[in-house]
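Below: a set of structures, written as structure tokens.
In the two complexes below, chain A is the common chain; its partner is chain B in one and chain C in the other.
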Partner chain A sequence: MLEIRNLKVKYLTHLGEIKAVNNFSFKLEQGDKIGIAGESGCGKSSLIKAIVRILPSNTIVDGEIYFKDKNLIAMEDEEFRKSVRWKEISIIPQSAMNALNPVYRVCDQIVEAIRTHSEITRNEALEKTERLLEYVGINPTRMYDYPHQLSGGMKQRVMIAMAIALNPSLLIADEPTTALDVIVQHRILRRIIEIQEELENSLIMISHDISLIAQTCNKIIIMYAGKIMECGDIDAIFYQPYHPYTLGLQNAFPNINILEQNIVSIPGLPPSLIDLPKGCLFADRCPFSQPVCRKEEVNQFEVEEGHFVSCLFTDKAEEFRGLAKREDTWKMRL
Partner chain B sequence: MEDEIVIGVKNLKKYFPIDKGILAQLFALRSAGFIKAVDGVNFKLKKKRIFGLAGESGCGKTTIAMLLTKIYAPTGGEIFFKNKEISHIEGDKLKEFRQKCQMVHQDPYESLNPQFTISESVMESLNALGLESKKERRNIVSEMLRSVNLSPEQYWDKYPHEISGGELQRVNIAAALACGPELLIGDEPTSMLDVSIKAEIITLIRNLVEKKGLAFLYISHDLAILSQVSDVIAIMYLGKVVEIGRPRDLIGNPLHPYTKALINAIPIPDPRFSSRAVDIKGDITTAISIPEGCRFIERCPYATLRCEKEEPLDIEGDSDRHQSSCLLS
Partner chain C sequence: MKIMKISFVAQQLRILKENRLASAGAFIILLMILLSILSPWVAPYDPWKTNFDKNGKVEMLKPPNNQFLLGTTLYGRDVLSQMLIGSRVTLLIGFFAGFCSAFIGANIGLISGYYGKITDNILMRITDIVYGMPFEPFIIVMVIILSPPKISTIGLAIILITWRTTARVVRSEVLSIRERPYIILAKIRGADNFRIIYRHIAPNILPLILVYFCASVAWSVIAYASISFLGFGDPNILSWGSMLYEVFANGSIRAWWWFIPPGICLSIFIVSLYMVARCYEEFSNPRLRTHR
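Moving on, here comes the complex of A and B:
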């Protein structure tokens, strides 16, 4: 349904070109729930902004994004706005707290979104708004409220209602629950998944939290410095990981079910996106890196069906998994 | 002594008056009411221990930090610092106390002065408190930077914008340590950092607590982190501690329905683990209109008639014993 080929996103700044997304390729099928995980600055948000074309004007987007066999990058702005945005692909933005206009009532904002992208009357749109709010679990009488009268969780629900208003076939959620309390987060995620299952559309969920993706998605992409390090079925990535970065991330996540667990961090920092190193981008922080890792760009290898890894030493994964569990493995390079 | 108590609070309260408009203030005789941000809290922090304080936003966690650092004056109750009552100290005594009690803030990017170099930031508290001679101050700063694993030579003249978030947070910790505190309060000290760096800061805090014999109050909404770092965890709800205990007891066998819900709502980094049911209702009630009886009653799935009538006793918090304020536990 969605296919991205060699996507590159660069920002032109006075410091130089910031290469936010580098040679990103992946395929999304109907009904998939894909989670994209990575640390801040790894290009998660740039990637989805490129898909819905809301990047600022100082960006260069290169590559191909096919959505239902149409190349989104080559499309005219007007055509994209009319036929794709909101109708086919919609987005639940990162900070719902600030995504609503504070001087308009909630219903006006939803009605505006609906009427901009479809031909229905105001009254019909209002009725629809009522149904939508009910669907996401907000009492429809609250639709005449202003955003400041709603709690954080309710605002996020309004954003979800808005995003599904025109029943898009692809829903993108960009960190939909940051800044929300855990109990509210739990409810919102449940609702997103229920909605996705009922409407049978596809979902891309961006998060820095792999636990959250583990509990909601069926596929995961681990991103680092704008590239895919590892991607595949969620079960495979968690139980048969290949990439040292994935192994490192697993150590760093606290699991409340395991007490006195030793959480270990990955030493070092991600590379500067202005001046990317040659070869594997993770090599500087990787405890297993060899001189060959720094020679040339690492391609993706398919280790099993649908499971891709950008590492030269996929054959040594078994050994890495054992070593990565030990704390001193990660201390070596400090 | 291992079990020395550094700071303890007894029946600590902080009410904020609700301000109405100026006209209402002129004509109304009484204030409109109070927000009971902290409403009868007891706990004790021991040396070399990390005390975790958890709860949703608006439960009063940060107010407690503000009360302990004497930024706010308490409405009621007592604060003991090494067995001395300090809730109303002023002047020199307050200055002396502030040397002993320091804070690490949430946002490392905002909490350092962008015009100060790293060394100036760390030295600032020594300057403010008028400690030691200039040469000695420089030595202390180098020592502090080394204790948080930053090399003084490399970082001395750097400015905050030149270093990463994790390094900034380490500078903040170094600055807090500079005047030799016995109590350190971290208000969400790792929530702004990336996972791969979070673990590093947590390990650093743990080592420092052990090495320098500090008491650390770790305030966070993230129970998963707290369960790994703290020796004792207290769960707050609407200004009260509802459950307290060692992680093994509190996480392994939660007694209060609120604690259960908090634990069950945390995502687990394991796709084969199906998430548990979170059966509590609604959102956190505002601290203005606290219900009678148990304050959790509106959200509690197990509430009985007794919960409506009887207000649960405050948790004593005098030991590490596992205690819950739930009437039904």
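Moving on, here comes the complex of A and C:
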């Protein structure tokens, strides 16, 4: 349904070209729930912005984004606005706190979203709004409230109601639960998944919290410096990771079954996006890197069906997994 | 559940009520508007009529007395009546030119700030050119070119200059608001440019536009008075400015009752406007609040 081929997003700044997304390719089928994980600044948001076309004017977007056999990048602005925005692709934004216009009541904003794309009367749209709010667990009488009269969790749920108002085939949740407490977070995530399963649309969830993705999605993409390091089914990535970066990330998460566990982090910092290294982007921080890693760009290898890894040493994965568990493996590089 | 619906007017009244100075200002402005509307009936004499006393002599430069509450002019005309009738033109040109310049300025600011790039560049360079024009000389030249002097030409000249400040300020506010998440989200929702500008951005800067509307009214009134004072006003229309002009043109500077009333009225009107404007400024920028 959504296929991204060799997507590149570059920001032109006075410091030079910032390559936020580099050769990003992946495929999303109907009903897929895919999580995109990565540290701050790895290009998650740039990717989303490229899909919904809200990048600033100093950006260069290269590659193809096919959505239902249409190239979104080549599409005319007006056509994109009328036929794709919100109707087909909608977003649950990161900052629900500021995502509602303070001068309008909640119902006005949802009604506006509905009426922009469908020919129904205001009263019908209001009825629909009532149903939508009930669906996300908000008392419909609250729809006449202004955004400042709602709590953060309620605003987030209003955003979810708005996002599903037109039953879009692709729902993008951009860190939908940041700034919420764990109980509300859990409730909202459960709601998103329930809705997604009921409407049978696809979901892209962005987060830097891998455990959250594991809970909700069936596929995961591990991003690093604008590239896919590893992607595949959740189980495959969690129990059979291949890429050293994934191995490093695994160490950084505490295991509830092991007491007094030392959390081992990956040393170093991500490469500068202005001046990317030649070969594997992770080579500088990888404890297993060889000179050959820095020679040329590493392609994705399919290690098993649907599981792709951008590493030259997929055959040594078993050995890496053992070594990566040891703390001194990661310290040696410092 | 009862739906809380606050109308625009009720909201404005509530804002004014919270601020004593502003409500005093609003009261004075309303009173002046009322008096200017009723002036043909309230005015005790015909403002253009030369009054004679019992002996047939002109009531020339009489200080305030029982018969003429604010005295008479050099030609025996009643100052109070002149002042009341003169308020009509002054207020009319103030509100009309003020509204137009705020309207034009707000629209140019919104479009310029929202679209950015070439549109912004062209509109802001035009604003720069207008900024480069000296206010009074421009109006005088306009009036001379489009002679004979009429209020409409003076009003037009005032509008052509005063929109510049509103445009600049509104633009800068739009630059900040258009990057807010709710505007970006409105775009993702598929709102078109027109809707984003007028439904999503404009209401957020309305208090600011009202500040500049009040200020534009004040500038327009001052400008019209100065133009009339310099003698470029329409000689057939009475205004506070033209009264001041006549005092000086006739060298009757000693007749304090002739020029002090229109002068004070002008000042009170302008101060009242600024008190209301200040209240809106506080409303749009709560950091200005010093009390409470």
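Throughout what follows, the second predicted complex is superposed on the first by the 330 of 334 C-alpha atoms of A that agree within 3 Å, B and C clash if a C-alpha of one lies under 4 Å from a C-alpha of the other, contacts with A are read in each partner's own complex, and residues count from 1 in each chain.
As a convention for this text, a contact is a pair of C-beta atoms (placed from the backbone, for glycine too) under 8 Å apart; a residue touches a chain by one contact, two chains touch by 3 or more.
Fair warning: this is a prediction, and the values are worked out from it, not measured in the lab.
On the superposed chain A, the positions of chain B and chain C stay apart, so the two partners fit side by side.
Looking at the shared chain after the overlay, A:215 reaches chain B, while chain C stays out of its contact range.
Of the two partner chains, chain B is the only one that A:248 touches; chain C does not reach it. In the superposition on chain A, A:91 makes contact with chain C only, not with chain B. Across the overlaid pair of complexes, the angle with its corner at the CA centre of chain A and arms to chain B and chain C is 80°, in steps of 10. Set against each other, chain B and chain C touch different numbers of residues in chain A, with B touching more.
In the superposition on chain A, A:101 makes contact with chain C only, while chain B stays out of contact range. Within the superposed three-chain model, A:52 lies in touch with chain C and out of touch with chain B [touch as defined at top]. In the superposition on chain A, contact is made by A:186 with chain B only, not with chain C. Contacts of A:292 after superposition on the shared chain: neither chain B nor chain C is touched.
Per the superposed model, the minimal spacing between any CA atom of chain B and any CA atom of chain C is 6 Å. When the two complexes are superposed on chain A, none of the residues of chain A touches both chain B and chain C. Considering their complex, residues 52, 54, 57, 81-82, 85-87, 90-91, 93-95, 98-104, 112-113, 116-117, 141, 144, 162 of chain A touch chain C.
Of all residues in chain A, only 39-40, 151, 153, 181-187, 189, 208-212, 214-215, 234-235, 238-239, 248-257, 259-261, 263-267, 269 touch chain B in the complex they form.
Interface residues of chain B facing chain A in the complex, by the touch rule stated above, are 56-57, 164, 166, 194-200, 202-203, 221-225, 227-228, 247-248, 251-252, 261-273, 275, 278, 280, 283-284. Listing the residues of chain C that touch chain A in their complex gives 1, 3-4, 116-117, 180-192, 195, 199-200, 203-204.
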